[in-house]
């Protein structure tokens, strides 16, 4: 393992110290770990978090028009409830706190515990799951679809809505709508190495790739022989576009009854004529040039299905350490979504309009 | 035979040692069907617990275990953090104010802890999780303690054997909960890391008492 | 070699097609290869170029406030004169054309030929070299210092000046000043593979790194044993900060006499109290998280030397395919430089203020 | 013995073939002290020249060589693009309107080409570049052609031997020009890729005439 680190046990802390040095406009808290805006806003506070190793997500998305706070766990390990609780206290007002949570068992359990603590503090709280990874096929026999690329788009769009004065309920509704209209899939050319583990999590031969990879260095759904960029892009695109009617039961907090409520939510299908935000993401070690090779094909495939890409995002935004590979996310976009996508954002990881 | 407060402290101390010793092993297991952090998470969490043991020795057993749970909750992360956190918090709540534990208390401890895992993680039997160790261990405890007139040593010894078998029985299972479930059939043939750490926790208790 | 490509001979073309699809506001020309703004401005046209494989540089820096055009060669191979010539005709007005050229034998010779062609066309032309890589020690016994990280800062700052109406001469003067006040050094943890070559250019053992790497996959100045991020950062920082009075003879075009003129240029030293733009760059395969670990140390080192970092840029901006490693660039910044650094920029690869 | 226009065309055609055959070899040489693209650059450039040969066969030798230079200039890139581009453009200019070449013409060709390299790249002898092949070759050509009464076959044969020796003589040199110069002393012990392609170009002419 060769990495630019000093001590495997200090990687997260030292990265946070680097963030603090580089971005004085952010407040970086070390014990417990969280990054938040320096000033509490009179608005819904949008907070996300998850294991480290996905940079710039989430800490790099804290700032105007996006997140109010981010809670990084150890590398690929969910953060703990005290982080989200302290972060919520730092940025949350009576307008409420919205958690955006990627659907992993650990994240869900830790954020649920945190939500209970925040609610006990008397702050209105809502928690919305992102589960956009079509590589996971059913929710009955698995922990359900994982939260991957769509998280970035959701944080941008919902962050802009909160900035514009949306209520907690309206922000939650928008986030839920985004989740039901966005889907992703990823692949890996190489594995990655968690610093504290010291060796890669799985082995890939010189001619092998993993299809349906998550973002935690776990093996994908299926090993395959190496293929051209066009072939791989078509595989991912087809899986995303043909995925229909995924249904899951999620738990959302009810601020009136102060308890969790189960909700059954069903994806909305993609259809010809849809307008989309297309997001081609690097897993960390894949250079931008290769993403453009992928985008070229994605653009052709969308055109052939009469799907109109109206916005795009191309680059390393939700990564898996130094893993080589990429993911595609498609989000069906209506006027509300596009308006908040286009709204100004100013964070270390995503910036436009200001 | 009873379990003294000192032995509970020793147990927690031993778990920390065991998790350090088995760090690579648990990482390897979690590499195969997860994200390779279970060994890291467990040894980080129990090191934190270990650091707190000196100050903890003042309180009763219930307080010790509750604080252990809260410490795990805020230092382990991942799936196993809330699960083991809840496990120990529930143990503590079940044994409030106790200064020593008899055989029935130990059963109550495991039952409360296991119930906590069930409520947080909603695992079913056979889902290939740590619950697949605790459920049979509790059944075994109930039977053996009755058969052996509440003899803790004999009961625990049987439970450790049962736990080892239960841990190995996760190998042929297909994971339906947690990160391993994404692998579908590819999760078959690998031992569950959480089941393994649960076995180690139980065995550490037995070794503490046996020492 | 595993890469997201289709055909080793088509990588550059297909990336350009991807750029064209993703960024309709740019004009992407295929024969010969160049990327330029859709509209010719009534201003100095700033053009750069070089081998491909350094994305987002240069093509990703075409847009408002930065480049007017970029000419990508084959991977790690200088572009040919016809590219710069055609690009200059596409975006150049009578305000003149400024070439920003990284100092590599190939780039210099191809851009010189192009400058002669552009001059013959009757357009005022100027060509400024970037040679900021302190890993190369002398210019007498080598081809001279290489152009590396400073190129990105120069393109941003000079691009903004051109946007603000600076004359060709003023733009050239500013570019020259930047070059004499900015220095860089890089290192690699891994080699990279040119697609058409099919195998890495050099081998690094599990415990080896290359110090003083360029950006073309060539071996560095010196192999070293693996070290901590802090140690490596200190090595690069020290080399940069202690480099004094580098002198070289450059050739600049004289539009009056229509011939090349030699100029001897000498670096300005860094001193305590200096204000700097600090740029920590990923070679492509190193994830952002590790760059922040480096930045943490860089910030401490600067503070210890009473050097004030007043702006920073952290990320993969001038890369070497999928190589893992990083470079540090420090640019002494006066009010003029900071003003144009802060000015709005809107390109695929760098964006703020708009 | 004279060189016909047909043979010039064959020569260029053969260079394209030779560069394709030696693509990996030149890549390997450039890997050691450069950026691994010389083989790619040369085969790309001469393939382009090869594509143009049918239409070129109309023109005189000067035109053929000038077009070759312009084609290389706009397709090779890197350092070798302008260098070989200038080399062949200068050859063409020196042999304007010729339909066949005698021994003196061939000397003029090499001299003009080599002069082009000198002006573009400003190499000194011993800098470990392609110029370290052309300079001794021209000296050898002058001597041998005089000694052999302007016998082209004998002269060229000697020049090819000289070129091979000159190419190998770049091995112990420390590079002072081009990308290899960055390596300082680490450039010693490796054969210069550009010197090698220059040798191949010369040898291809000899093979063409010998065939």
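By written order: A, B, C and D. Residues from 1 in each chain.
The rule is simple: a residue touches a chain if its C-beta (ideal position, glycine included) is under 8 Å from a C-beta of that chain, and two chains touch if they have at least 3 such contacts.
If you're wondering where the values come from, they're calculated on a predicted model, not measured in any experiment.
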A correct list of chains touching both chain B and chain D reads none
Based on mean C-alpha positions, I'd like to know which chain lies farthest from chain B.
D
How far is the middle of chain A from the middle of chain C, if each middle is the mean of its Cα atoms, in Å?
32
Could you give the separation in Å between the centres of chain A and chain D, each centre being the mean of its C-alpha atoms?
56
In chain B, what residues contact two or more other chains?
none
Could you check chain A for residues that touch two or more other chains and list them?
none
Line, ring, star, complete or other: which one describes how these chains touch?
line
Identify every two-chain combination in which the chains touch.
A-B, A-C, C-D
What residues on chain C touch chain D, complex-wise?
32, 51, 73-82, 104-106, 109-110, 112-113, 135-136, 141-143, 146, 194, 196-197, 201-202, 214, 216-219, 221
Complex contact set, residues of chain A against chain C:
2-7, 11, 14-19, 21-22, 52-53, 55-56, 60, 189-190, 206-207, 209, 226, 228-230, 232, 284-296, 299, 312, 314, 316, 319, 321-322, 324, 326, 346, 348-349, 351-354
Applying the document's contact rule, which stretches of chain B touch chain A when the two form their complex?
27, 31, 33-37, 39-41, 44, 73-83, 120-121, 174, 176-179, 181-184, 186
